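Letters A, B, C and D mark the chains in the order given here, with residues in each chain numbered from 1 onward.
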């Protein structure tokens, strides 16, 4: 397997609607998939949409090398994702992939994954990867409401899943940082991986700092290219403005100005 | 029935592929169709095409007031028509219609219709209209090649059909003006209605002038609005620059500078 | 219920949605499609001193998210306007504003003086920006001193609301804006079309008979918004903003950037009923954001 | 077989397809996607005298058929370029041309002089047009006398091919073009981005941290084509054309309008392999139209 970025038409092998706003695309690659790491993402070309000029970035939700497929989990936000939601089995989707760095393999077994919204997407792949390396993380997932809680069984294969909803209709009620695991004096985890909306990641980072727990976050950002040439997606780090699409999307919070 | 222009979503009731480049759309109106005259056209909105910004004009091929449908006959040319070719039964197409003036009811029964390419489109509706008024025209249709010869049976209901192909694979060979009906000393017709590419219409107009035969042509033009406000679609006439979308598309050749 | 009314240079508009000159005919072409009385106003097609045939065909080219036109001020002249068109449209229940064009200062002044006599026309919009006319049109709108002069001369004969429409084809839009304010403009319209060109590669020819033409549509919206924002910070007079407005969100962006009213142009070709949808959309936005008056939104962009 | 080679100011390009500064990194980011040796040349990201952090996030907004950016010349400075980047890219089998930027004449001269020493860099492109830098950048490119001065000063120290890239945000692009030719430019690049703005109506905020930014993509193609055409008629030096080129047809339009070579910019983001497709497409077009050399197409628009 090679580390190489590709521009490729992948075939939609399956579309799964999770709920009103979220769906999953399984995409079959025309050639043997390259090596993909958890945390990496794709840049998807939205065709036939007059208002979508640039590609759209999505995390790789999981990879099946046997079937030669990769999976995206997408939340409908605007025109681009609305168009992707109308893809059908057999259609093609053009991707640039795999892009970005990846989560690091932790030196501990006490691992917590925290995800909210469409930020849960890369955590499934990470959980799979960890469990292949004999690490079974605790996985805390935040959703808006019961209706949107999904894929819990899938996650459960790789670790212990905790659910929170904003409205308390399933699991604990509130934001992920309100979860009881964070309310104890000592945190049970030596490493946190987090992905979700900025305010959520910042709140988790604060807790991690407080407990001196190592923490990596996967940043969102508006991207034009996705492979490092436009310099549109920077975030301030200890090395100045760094590209989220190349030096990230995963950053250790120690390197961020948060 | 009212003379009123509408902006309306019509439902695709049927799609008929005539050949590789031509297809027919039967469109069901959501309310009772307004009165439509032969020669009038629609402005169709092409959705989901990034490169098609303006509407596209198409002649009304025929109207069925009983079924409340109108029919378009479309030739695939560029992005816009390619997109329309992918419409399926049940899809919607937004139209502004009916637009433009119409062919005039002739004061003679010796009527010739001449059409070429997608210019045949308005002639079917005209032939129907004439036959309702007990005029059974001769209909001369030019096609590129046998493969594209189509709808002859439909036209035959309303008059005598003569076919020409550029390559002689069906009917007489050559351009419509080469047809034997034009090679006689006296023309058998007192009125000609013509629609097709500019060079064809000019050639027919020349013959009509020679024989002092009354002749109306339906002009093509690049249109932005289609209902008279942008002044983009003018043609020089005896009254100066006139709008093809309002004062036309049908003009008597006496009024043109040809 | 939010109040959509807005006052521009003393003129009361029932809402900030108007239609752009050259894209709305004289209004009556839209009677089948919309209730014209629901619009804030209508800017009718350019009127010049004498009849003009405009440019030869082809006059239009489609471009990415836009179009080029080279209509070239085709109209039957100010006499014809006063005699034939004015009586037909004078009683529309909305402001009719005449777009005044010319090739010389004298022509502008002549047309403005004639329109000044028309009781039901409360304002004119001086078009010093049309890029299609070789004589004058371009120069007035790109040289501040000339823009000021033509505005000042028209100001002498025109007693009602005087708006001046600027060309975006300039290095400094604020210099032009200041010049026409100095000349006596009551309001500024921004922007006219950008000078562009389209080529048919297969035929190796320009698409337009005039080679170059005016670019309009969503493609130019970012440039138009920028100019409205710059001029809003530079002058005190109200701004009428336009350029690529396709929906209520676009309209609100212009208002936030500093426009007191907006014009819908090319969008009318794609949806002749869009202007009314924009009126409704602005009302819905104000409702949702709990904004009571349009004036509260004008220039209310948060940049701190 | 048509010959795609073209000579620009004495420099031989294997074909007229190059890539635009700021959209192609330093070229190596594209090694996974294309054979860089098939390109006529690469214009690398702007190099300034010292390290620059660029503007704060957000730096990008999508617009209709285009995008705004306010990257703001982020780069590590000319020292770093010569030490770290040049050795990495010097042996690419294509012309590497450095986009030189600055805030003062001295900075331009300093950077140009340093690049002049780099054996494998056959040309520089003076970026006097970037609209993102408050100091200098904008002014140089919009005032003919300043444009001439900076070109002339750089000309004194730079001994290889000197290209100057103009800003489209001006009243008269031909005045600027003539000024830089007078200053000693060997070729002119047209166009940089148009100054634009995007607003988030829901948040009532500008989308970009800098409020305004540079517009690129197909939206600006008609304006770019027009400027190439105008400048082609006004000056004798070769033109490198760009602005919204997405495919071979677009590229050919620029060549017909008067460009001797073209640059692919924003299109690289959407399809990183597009530049090579454009090379192939130009060859196919020349085949079909029986054109033997690119030079035969340059400015060959039929306008009679």
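Throughout what follows, a contact is a pair of C-beta atoms (placed from the backbone, for glycine too) under 8 Å apart; a residue touches a chain by one contact, two chains touch by 3 or more.
This one's a predicted model, so the numbers in the text were calculated from it and none came from an experiment.
Taking the definition of touch as given, a chain qualifies here only if it contacts chain A and chain C alike; those chains are B, D.
The minimum number of touch steps linking chain B to chain D comes to 2. Centroid distances from chain B, each centroid being the mean of CA atoms, peak for A.
In this assembly, the C-alpha centroid of chain C lies 34 Å from the C-alpha centroid of chain D. Centroid to centroid, with C-alpha atoms defining each point, chain A and chain B lie 55 Å apart. Centroid to centroid, with C-alpha atoms defining each point, chain A and chain D lie 36 Å apart. Touching of two or more other chains is recorded for residues 61, 63-66, 217 of chain D.
For chain A, the set of residues touching two or more other chains reads 50, 52-53. Chain contacts here close into one cycle, and each chain has exactly two touching partners.
Pairwise, the chains that make contact are A-B, A-D, B-C, C-D.
Of all residues in chain A, those touching chain B in their complex are 47-50, 52-53. Those residues of chain D that touch chain A in the complex are listed here as 22-25, 29-30, 32-33, 45, 51, 53-54, 56-67, 69, 71, 74, 217, 266, 268-273. Within the complex, the chain C residues that touch chain D are 61, 63-66, 68, 142, 169-171, 194-199, 201, 203-206, 211-212, 215, 217-223, 225-226, 229, 244, 249, 252-253, 256-257, 285, 300-303.
By the touch rule above, chain B contacts chain C in their complex via residues 4-7, 45, 51-55, 96, 221-236, 240-241.
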